[in-house]
Each structure stands twice: as structure tokens, then as C-alpha cells.
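So, here come the structures, one by one.
What follows is a pair of complexes built around chain A, which joins chain B in one and chain C in the other.
And then the complex of A and B:
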């Protein structure tokens, strides 16, 4: 009796800690949204004034409309392109596939803040490419600050999210039906449209919901690109409220956050349901046989050119813009690039202890922090692994909750927790506060990585151990854990990249001691220190790139 | 053994205190403040001025008072305020010294009883408008200026006063549409404060607002952004930009031009006060006195590249040099109860709504 009570202790504790870490900040936001002043202010009263205020604010409705239209535009752009891309990559004899494949995923690992900034310096009204185009052709027929442009850029940079799911679905699908169509005389394009893509409909539906959801949460892109023409989306509207009344309007921000969650949480649940449902579809797929590549014929070069164009627009333009901007002292019309080359911006990063701390912290939070986060995710994974009780289902839903909360506000809520929950207060100005927020915000992502590793361990091995008398704990430690070690290493790498890329969660947690590059970029961008932003962005890209290189070297699958 | 260590430490700290004479003109009992500050050993400062820019002051202060370590944190002015009130409410104590360009928020904190009353010995040397209740002090003298892109705006086009600015952007929409920038007054407290003052001094303010509408102006949260955009030529004209930053950049940046408006030039002064619950109140007093002293102000007027508020300081950037250029048309925003008027939610929202309506009218050509 006593022994079994003790045996349940680690599991109970894991679930309790997870629940506290997830639910306390969220309930704080919920509570704050029904107050008239900051919750720590003695003058606060309870009421729905915050909701009345935002519902009466035309900006709120404008921002909501923009959020929905941008998200919809992203679906319209990313889903067809991602699906076609997956078809071309998985099914055809496209030249140079091995080289293209790793590049395709780059946009999803670069911080959106960095990407957006890259577009401004590369293709903005006085961006490098704009200036070159104007010098060559007399004008540059694009703009990047309009709502349409933001939607298009967001759509193009989210193609990889669709590609990942569509190509996974195609992989598990036999190619015999497609060959039949081919034999009957269908063109490759026709095969894609009438055979392959309809067969992977569930995966496409899932990724459409995912992209819409990501669009609804967009922050970095509209923050940077929406600023000049004043286009707001919900997350940037929320950010703007920080100062609208001159004094903090936490109640208004919390109310907006609750409105966002009211949309995103159902979307998260819908994704989960679709994912489970698509597994049921698995029986309808064609017979998995040897894949045969469809010959593209003369379409080969068209496809290659289109993919090249997309990579150019989505990866080369913004990243080359940043790389260039980081090494010049001023830019725009009339600036001769050869004359303004400089290393000054990197020197000023080097000279500024705060920025050096940011770089050190960012590396630390990705490597050490990433490892500890993976350890936590694994502990939670074990707490639910092969148990089909109420607690497991509770944890299942619990880990989805933070996914629905915008990182910006999750960070603010964590700041409150660290300020007002006495045992944590000494840790507030340490990188621990940042790490905890990151770990909770990315809980759902991390759990997906861990559980996919856990699912690959077949039950027999565990049962064999159990039948010779091992306890659950022993099985976990001595059988399952060693078996999933490669999976854990891969998860660590992916979490490293995600943590290097993260920016919105840290915005409000930023303090002397907790600096990280991502949040620092938002703050420096607002302050207009563009030189330093460029240098830091490049450093950030290099860090993510290092992670990516290691991942490719060890053959880690870059998809969750 | 232990007691001997303690004795040595005591002797050391005593010797430090002895080595530091009371600054000239200060009361004799100031020695006690210095001794107590050395015992506190550090001062925590929250400031809206970049650490990098403040570095000369921190270094010089540390040379003057080696026993007091400076812990300096820079945050934007809204964050500064938010963090301060949250930390005070959580009972953990917050900054010893608050130093911010959001003058209104600083005055509000004083009004809310968050500041320590301290009559600095330097008070007689400050202009009267920069002293609030012997609790908060203006420390700098930073003009609000126009900026323009020298490559793309001809010298004779550049507006020299507010009326000319309004006229130019209204009549030359062909050239300036989408190319005029100023603060987003919804995002920036400083920008908001400036336009409130503008409506006090500039009778044609409504025309200017309409002009912003005509020119579909672009707005940003900070001076840094405006400087960057005008320098690169994405925008051509900037309005109400912080002159301290603009002049510094213009020295190195061939594309950036700066105008001190002739009809009147607003002046912002960074406000400093000591927190009521400061853990190191004596060290905080040393810091405040140092910043207001000739020695501190001299640095502010030179290496820090803000403007010294004192008239008796000889440096590159000072109130005196600006006043010589502009005479009575220099209009400092007073550190006073009046500037918190628009922190009242209703008044602020009404002002914003009116601002937007005027813009829209301008854009519609009415």
C-alpha cells in the first residue's frame, strides 16, 4: 500500500507542477481581464469595463478584421503551394532535390522578427533590392507595407508548415494509383490535382487549420511591416495598448488576450481532432509499394524555376538584406555601398555588456535550457505514457492550453507570477524566468516531439520487463528511456532552434539579467536602433544556422 | 579573528569616507550622507537613457564615489513606469533612482506619493520650472526639432517654423505624401506630451494635423525609428523629433538635416526622483546631486550629448547655447502638476479621438 502510494508520487508531482506552470499565468490573465486597473493596484474594482472598452474601440474591430483576412490569405497562399511543393518533392524527378530539401525548411526556423526586418532593408521603399531595381528599370513595382503584402509575405513564409504535413502524408501513400493515372495519359500537374492531393485531403485540411491559427497569432511580421501604414492585427493591437492610456492598461490587454484565446483554443482543439481523424483515414490509402518517380519532362525546369523563385523571395532576399545592412553605416538612395562598409555595428554589440549578455543568454537558453526543457517534457511524457486514465487525458489537454495563448501575453503573465509569488521572486531577474516561460509556451510542441519518440517504442519490450517484475519506474528508466535516446537528442536540437528563434514571449520579461536576442530585437526595433538590430539579427541567424547544420549533419528529421 | 576582519573593514570604509571631501558649497553635514552611502555600497537606477549613452556619467560617478556601485538598467519609459509600480506593489522594493523622459509619468508617481522628498543642494542653480515639490528634478534640456533628408529635400524647401511645416506638407502632397513622419502619439508618451504642448503654443495646430492627414503621415514609437527612416530617404521630413539624438546623429550622418523651429522650440527635460522605498536612499542622493552638479552637467552637455539644463555650465550642448540661438522662443515643458492632465483616461481618449478626426478630415480634403 505504502509502496504503491510512493510509486505514484513522481507522476503526481509532475502533473501538479505542469498544471501549476500552465494554469497559474492563464488564470491570472483571466482574472486581470475582469478588473479596472492592474491587479496589484489598490484602486482596482471588478467589472467588465475592459471588454466594453475594447468592443467600443474601432481599432479593435479593424485589428480583428485584419487578423482574419491575413490568416485567410495565408491559407489561400500557403496550402496550395505547400501541397504542390510536397508533390513535386516526393513524387517527381525534379533535379537537385537533395539540395533543395533542407533549404525548404529554412523560413520556418528563422525568427519572424528577423525575416520582417530583412524584408524592410531588402525590399522596403529604400531597400537594397528596391534601389537596385530602380536604378536598373526606373522603378520597383512592389511595396511591402500594405495589408496585401503582409498577407502575401506571411503566406509565402508559411509554405513549409504545409509542406511538412503534406509530404509526410504523401510518403505514407503508395504511388500505384498515380502511376495508373500517368499510364492513362494524365500530365504530372493533372495527376497532382486529381489523384495525389485529394488523397491527402485530411493532411491538407489539418495544415490549413494550422496555418490559419498561426496567422491569427502573427506578431513579428505585422509589428515591423504594419507599422509604417498603421495596419494593426490583434497581437500588435494588444502591444499598442501598453501605452494607449498613458498608464498601463493591463486590464485591456488581458481582455484582448482572452478574446484571442477564445478563437485560438477552439482552433487548437480542432487541429487535435483533425490529426486523430486523419489517422483513421490511414486505411483508405493506396497500397504502399516501391515509389516510382513521375517524369516531369519539360515541366521539370518550370518546377525548378518556381521553387527557385520562392526560395529567392522567401529566404535569399530577407537574409541577404540583413547580412548587407549589418555591414553598412547608412543606406538608401544615394548611399554608395562600397563607401559605407563598416564593422562598427558588431563592435558596438561587443562593447555593450547588455547585448553580450543577450547573446550569452540566448546560447545558454537554447543549449542548457533546451536540454532541461526536453527533460521536463520527457518527465511529462512518462507521466502519461501507456496510461489511459483520467489524469493522462487531463495532461493531454493541459499541454495544449499554452499553445493558444499569445506568447506576448504569456510572458507578461509570467512576469506577474515572478513578481508576486514569493518563492519565485528571487529568480525573476535571472534567465530562469525566461526559460520557464519559453518551456511552458512551447509545451505542446515539445510534447509532440517526445510522444512521437515514445510511440515508436513497441510495447513488447516494456511488457517483457514488467513480466519479470520491474516496477513502472524501472521500466521507464532502464528500458524506455535508453530506447528513445536518439529521439531525445533530435528533440533537443529542435527545441534549441525554437528557443533561439523565440521573441515575443520575452518582451515583457526582459530585464537586466534576462536579456535574450529575440526580445531584445523587439525592444531595439521599437527604439529605432536599427544598426544594432541588423547586427543582432545576423548573429541570431548564425546561431539558428549552426543548429540547422548540426541537425543536417546528424540526419535529424526537421519536422515534428 | 572575525572581529579583526571587521575592524579592518571598518577602518577601510572610514578611510574612504575621510578621503571624500564634501563638495564645495554643500552643507557640512553632507559628510554623513556620503558615509551612509558608502555603507549602502550601491545605487540602483532605472532609466530611459541607454546604458551606452549614460556610460560616461556612470564612470565619472564611480571615480568620484568609488564606494558606491552603480547598477544601471535601461528600459523604455512606459516599461520603466510599469515595472516600478509593479515592483513597489509587490513589496520587493524597486529602483533607488527613477530617471525618465516621460515627464508626465514621473510627475504622476510623485503625486502618487512614490518619491522621497529631498532638497538637493543644487536646487538654487536650477531653473524654477525644473523643480517639483523638492521631490523631482528636470535634468536635461532637449529640444523637439524637425529633421529632413538633405539628399532629397532642397535647402530652400526646408520649413523653419511650424506654420511653414504645415504649409509645405499640405501644398506639396505630390512630393511628401507618405514621406512625413512623427511620433505615434498612441504608442509614445513623449510624442503625446509634445503635441499637447504644441496645441498650447501653435495657433495653427489644427492645420498641421490636417496636413498630416493630407500627407498620410507615418508614425513610429521612437525617435530612433524616425531618424533611420529619414536618413535612408524612406521618409523626407520628421516632426517633433528629440533634438538631442538628432543632432548627434546629424554630426556623423551626411543625409540628415536638423531644424530648430524659429517660432518656438519645445524643450523636454528628463525627470529624476528618488524612490520613497529606496533601499539605498543616501547613495541615491549622491547620484541625484551629482547629476545636477556642474561636474555631472558638464558631461551631460558633452560626452553624453544631451543638453545641460544649467546656465552656468560651459559645454557643447547647453541650455545657454540654445537660448542664445532662439531667445524667448524656447519653451521648456515645466515639471509641474499641469502635465499630468492627459493621464486622465477620458481626457486622453478624447484628445486622441479629436486628433484622429482632424487627420481624417485632412485626408478627405476638408
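And then the complex of A and C:
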């Protein structure tokens, strides 16, 4: 038996490093927001000038209003559609469910930046579908640059977030309560409206808050789609502050960031509280038996058509747009698809060392970086596993903090951390800086993957090891770790896809040496290099798709 | 010599007290069962002994070594207590073979490879598991898994083995065989065992001594014969067997005997400590102690037959005596109508 003082050391160290990685960027933002100039400026003084400035700026208020309206529109669109989709998928005899299921989750794995760009080239004023529709019918009855369109697109692309939680809740809901309603004479849709959906209300409430929260975090969609008509949301307002003033206005950016976090952090706490509550309800459930599927009858085709329409709008339109745009030299009215086909965009990617570095870095950060990130998450998971002390609760809340800081802000904060602490500065232009930011930004997501693996290990297996004489450390290494290995492999795959998809975190950390596709897309888009953006977007989709294919092949659960 | 001593143990989950001062001993070579309804604290007591629950008062000693002492703030962690624990679910590690499951405890004790192999094989043979050494737990039947779990707990010769509902995961028929096998093994290997069970017949069959727990306290302890044949409280009497109860008023107590008067009867029985003259009382008698009689007499009542049930080896008759119901065994069917029942005074307890 080892000395207990030494046994606690790895745990203490893990908690300390996590706390430093999570809290230092946030405190730096907080500190910066109360300065009157960038923190490296000698003339800085402490004050609330930054807040006074942004609160006096009508654009800030316009952006806030837009953020709230878009988030609200997303809730109104995504929650009912997601709930209904979950019911149709879980409970009815919809044809082709097995094929539809993985497709439903695609929008949540494609980078929003890529999606937004896809909408521009597919359905923008001179997009493929717009041009085709105009040629066929004389006009195309849609526009994608209005605030309403942004809200609608954001809402439709967030249906999967609701679907995941609603269908999980429906799965755990015993079918006997529904069968009882059927026996009492209720039709399938009456059952859905009066029994199933009310019973999964906690899950729906949770996903409503989640979607509203994600609406506040939105960056890629409003950046690309809001630009032409000048619609700003809080995140794009922050991003454009530098352009607006022409000088590094770190204190203003920090003040906006604190305003965003002031909204998102309570939302994260609310989500946590709701999730715990919904688990409380989940214990009062009927017998989860295999249920006979509800026959949809004639409605079968209506439901299939609606899901097909949604998949078309949410997946096919943007992805086909990108795929086409990557292979054409130019596009517009009167262009003939066969004549403009080309591979030159990929050649220019190949010829540009910066872009090749971006591709290499992106693969590296997903594979190697993903593995190291999973190792870190696992270490943190073990630091709190089966311990119910103050430190565990501290870590519980600690991992929530990055969840409340949108990637854009987190990237900015890490940039400052690397500038602020001289020993770290040399690492700023290495891929390490990008990896650290990614790992911290996705901390809560990763921890959820790890802890769900850890929770599947029955307590008794660990207690049995302790009773035959294994110390805590030995139990972790020799019993728990081997048992969660499949879960860790699945987590690695999911983290790979998330890291390939990530774009906003890298925006401010982008430098020669740290290029990644996601952030590079934002920067190239700003520069108007649409051909390269198309090619790079397609490469990004292929990378995520490769991960998705492996995941499906090995039956990895794509939902957390 | 006591291998295990628990003294005045208190344990609570938050504000909810689970153990309210439990004391017990386990002597070498003895099998003691912790018996009680669910929620009585029996599993918690076992887990506290194992070091998996945290008491807040009292002491636990293994041999003469304190492993928990609330006053002295001693609390040796589970892995330092050197006990063997068999889980209700068996908790076999799914990623280790039978051999590896059993060998793990020896490896943790830094025993050399050759000796590990020898000792594991010895245990496997004793448990008739030798051909299954290379199998994984999911390839074993329930009974085999149970034996592996037992082997895992025995292999490093712990002074005490703790068994948490060891038979409850087996189906009914297998359970009776396993019960006999387990008892025989424990006696043969001269183990000291503390065993949790909620099944009174299992406790009676397996143990040298039974501790009956009720709501975090020990209600009564003794040999199986004492517990079954001489219950001191209504709870013990009720828990230990199948009973008939009659409610009435204690009319008289004389020379250790008490008379209970009720609707349609006046019966003499052994007075229990709680019986008070003039107070409401309960008479209790095991089902198998009631005899059918051919006419009136001492301690007999007349009751009308309600229904009869055929049990295979005997009949069970149900009688009505005023508002009360009496059940009795018989070896033949009975005609409908009134019958005389004899409730021998030495088998009837008045509480």
C-alpha cells in the first residue's frame, strides 16, 4: 500500500492544470474589459470606459437584438420540428428509418462556416439553385441574406440538437404508457401530443434552452449570411470591432465578450439544472419494452416527404453547392455547367504552402491532438470519478465554464494568454496553441463522453478490486481503464470530427504555423477568395465525412 | 477468538440514519448471517465492514486490529483490510479470464508468478472450476460465476469472508443446491463468514448464528434454533417463519404463561417480555404447529373451513375464527363446515 499523501498527487496536479487552463483565459478577458487600452499598452488605466463605449454604440444594441431574435427563432423552429422528428423516428413505421437516422445528424457535424458558405453558393443571388430556378420558372422566390432567412436556416440546421435529446428521452420512456393510451382509444398523433411529448417535456425544455444558447454562440452563419445586408449579431459585432475602429481595441472586445458570457453562463447553469431535473424524472418511467410501431398509414408518405424536404434544405442544398462550386471556374447566369468544370482550385490549394499546412495541421490536430485531448479528458474524469468531495464538485463546475465561452472568445482569450505570459509566448506560433484552445473549448463535450463511459462501469467491479486489495490508482489503471477502452476509442473519433469541424476558436490564433482549415476559411472568406474557400470547404467536409464513415462502420453512437 | 468485532456502529446517509448502534462479533470458523427486511441496514453493515461505506461512530476490529474507530479517526481503506467480499452481482471483471479474476488479489500482494499459478489452481480445483480457467465471465453460467466470485475472495486467505446475498442471483432450484454446497465448503475450509440475506430459510440453513436487523438495530441474535423456536419479539417471530396471528387482550399472566382473550377464543401461551396484563396483545403460532383436533379441549378453538389448497406434500387449510383467519397444514382434504383446532400452549407465544 502506497503512502496516501503521494497517492493524491496526480489528482491534485490534474485539477490544478485544468483550473489554470480554464480560468486564466477567462480572468484575462475579465481583467482586460476593465482597462481603457490593450493590456500591453503602457498607457492603460483601470476603468469602465470600454463598457461605456459599447453601451453607447447603437450597433451593439442592434446586434444584441438580432442575437436574441435569431436565438428565439431557432427555438421556435427547431424544438417542435425536432420533437416531432424524434417521435416519428422512434415510434412509427416510417419507411427507410435506418437510412435516415445517420443523415439526420449530418448537419451537426458539418462546420457552420462551410454550411453558410454552401448556402451562399447554392441559394445566394447567383447560387446554383437560384440560377436554375430562375431559368426554369423566371424567378427564385427566396433570399438568404435577410434576418428572417438567417433565423430560419439556423433553426433548420439545429433541429438535430433537439432530435438527439428528444429521441433519447423517448427511448427511455416506457412504451406501456403509450400503449395504455392506444387501448383507451387515442390515435397515434393524439398519443404523441397528449402522452409522449408531455412526458418528455423536461428533455424538450432542456433542448430549448440549449438551442437558444447555441443561437447566442452563432458565428459562421451570421458572418457569411449577415454580411451582404449588414446584419450583425453579438459575435460578428465583436469580430468586426477591429475593422470599425482600425486599431486593436482589445478592451472593447473584452467588454463585448463579458456581455456575451454574462448571457451564456446563466444559460449553461440553467441547462445543467434542467438536465439533472430531467434525470430525476427519468427514474419514474414505465417498462421499456419493445413496442409495436405505430402505423402511420397514409401519413407515412407525408412524413417521409417532410423529412426528405428538410434533409434537402439542410444537407443537400449546401453540401451540393460546395461540391459543385469547388469544381467550377466561375458561375452565374448563362454559365454552362459542362463548360466551366475545372480542377484548378485544388491545384491552387496544392501550390499554396500555407493551405497545405492548414490541411496537414487540421488532420494532425484531429488525430494526434484528438488523442491527447481524450487522454486529458480521461485524466480529469478519473480525478472526479466516484469521489464526492469538494474538489469533484469544483471540477464539475470548472468544466462547465468553457461551455459558456463561445469558441471565438476562447480563441481570443488564449491569444491574450500567450501574449500575456512571456514563458508561453514562443508557443503561440506553434500548433500547440491551437490544440490547447480546442481542448479547453470542447472540455465539457469531451468530459460528457468520458463520464458516460465511466458511468457504464458498475461500481461493484471497482469495489470488488478494492476489496481484494487494489488501491484507487490500481483500480483506475487495471480495472476501470481497460473496461472503458472501447468508449475511449469512440470518444477519440467524435473528438476528431469535432476538431475537424471547429472554425471559430482558431480565428484569432491563426498565424504562420498554426493554420487550420476552419479558421483559414474565415480569413479567406473575408479576403473574398471564393474559389479556394470552396475547395478547402470540400476538403473539410471530406475529412469530417471520413470520420463519420469510420464511426458508422464501427457503430459508434454519434450522440452524446 | 473473535475474528471480527463491531461495536456500537452508527452510519447515516446525509440526515438519514441507516445503522443506529450495531454491535456484533464473528468467531473463527463461524458463519453468521445478517438477516432483515430490505432497508434494515444489513447490506450497509456488511459494506461498512468491508470499508466501502463510511460510518461516523463506533469501531470495527478485524482480529485485534482496529480498521475503523470513529473516536480515534482510524479508517483503513477497503484495500487495506484484507477481507474477502462476494458481491450479490458477483462483479466479475469482464475483461479478465476466470484465472485472471482469481489471480488479481495475489498479484496485488506481489506474490511470484509460479506461486500465483499454484494457488489459483488449488482454489479452482476446490471449487470444481479447473476446466474453466481460461473462460471469460460472460461464458459462464450463473452458478459458475458465483463460484468464481467466491474463489476470488478466498484465494488470498482472508481472515473473514463477506457474502452479500450470495444466492439471490441463482434460480430457485439451483439455490437450494448451492446453499448446501456453500455451507459444506465453508465448514470444510474452516472459513469465518459474514453473510447477508433477506431469506429466513437461507439464514436458518446456512448459519451458526443469526443476527436479525430491524431498522438499523439488532432486533435479536442467536442460533437458528433460538431464533426460530424462541423469538423474543413480535418482529422476530413474524420474520422467522409462516405464522398465524390472533389479536386480543392479555387477561392473565402466571408462571411465564399468559392468557389472551379474543373474539371467540381464550388461549394460553408462553408470555413474551412485551406482554402486559390488561393491554392489547397478539398471539402467534407457526403454521405447522396447529393441529386438527376431533373435539373441544384445552387450548382449542372451533373455526369454520373457508377453503383448502393442495401443496403437493400436504394440504393447507384456511379457517375463519370471527374476524381472524387461521391457516393450518393437514395431510388430507377436509369437509366444509366447522372444525376444532388445537393450538398447543408451548408453541403459542403471547406478545
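Throughout what follows, the second predicted complex is superposed on the first by the 551 of 560 C-alpha atoms of A that agree within 3 Å, B and C clash if a C-alpha of one lies under 4 Å from a C-alpha of the other, contacts with A are read in each partner's own complex, and residues count from 1 in each chain.
Keep in mind that, in the parts below, a contact is a pair of C-beta atoms (placed from the backbone, for glycine too) under 8 Å apart; a residue touches a chain by one contact, two chains touch by 3 or more.
Just so it is clear, the model here is predicted, and its values are computed rather than measured.
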| item | value |
| --- | --- |
| Clash or fit (per the criteria above) of chain B with chain C on chain A | fit |
| Contacts of A:331 with chain B and chain C, given as first, second, both or neither | first |
| Contacts of A:482 with chain B and chain C, given as first, second, both or neither | second |
| Chain B versus chain C as contact partner of A:420, first or second or both or neither | first |
| Touched partner set for A:230, first chain B, second chain C, both or neither | first |
| Chain B versus chain C as contact partner of A:31, first or second or both or neither | neither |
| First (chain B), second (chain C), both or neither touched by A:554 | neither |
| Touched partner set for A:348, first chain B, second chain C, both or neither | first |
| After superposition on chain A, the shortest CA separation from chain B to chain C (Å) | 51 |
| Chain B and chain C contact sites that coincide on chain A, given as residue numbers | none |
| Interface residues, chain A side, partner chain B - complex | 38, 40-41, 124-126, 227-230, 240, 242-248, 330-335, 348, 351-354, 415-416, 419-420, 425, 510-512, 523, 525-530 |
| Complex interface listing, chain C residues touching chain A | 50-52, 77-85, 87, 89, 91-95, 104-105, 108-109, 152-153, 156, 162 |
| Chain A partner contacts - residues on chain B that touch it in the complex | 51-52, 71, 73-76, 78, 81-83, 85-87, 89-90, 92, 104-105, 108, 151-152, 186-189, 192, 218-229, 231-234, 253, 255, 342-343, 345, 348-349, 352 |
| Chain C-facing residues of chain A, complex | 1, 458, 460-461, 463-471, 474, 478-479, 482-483 |
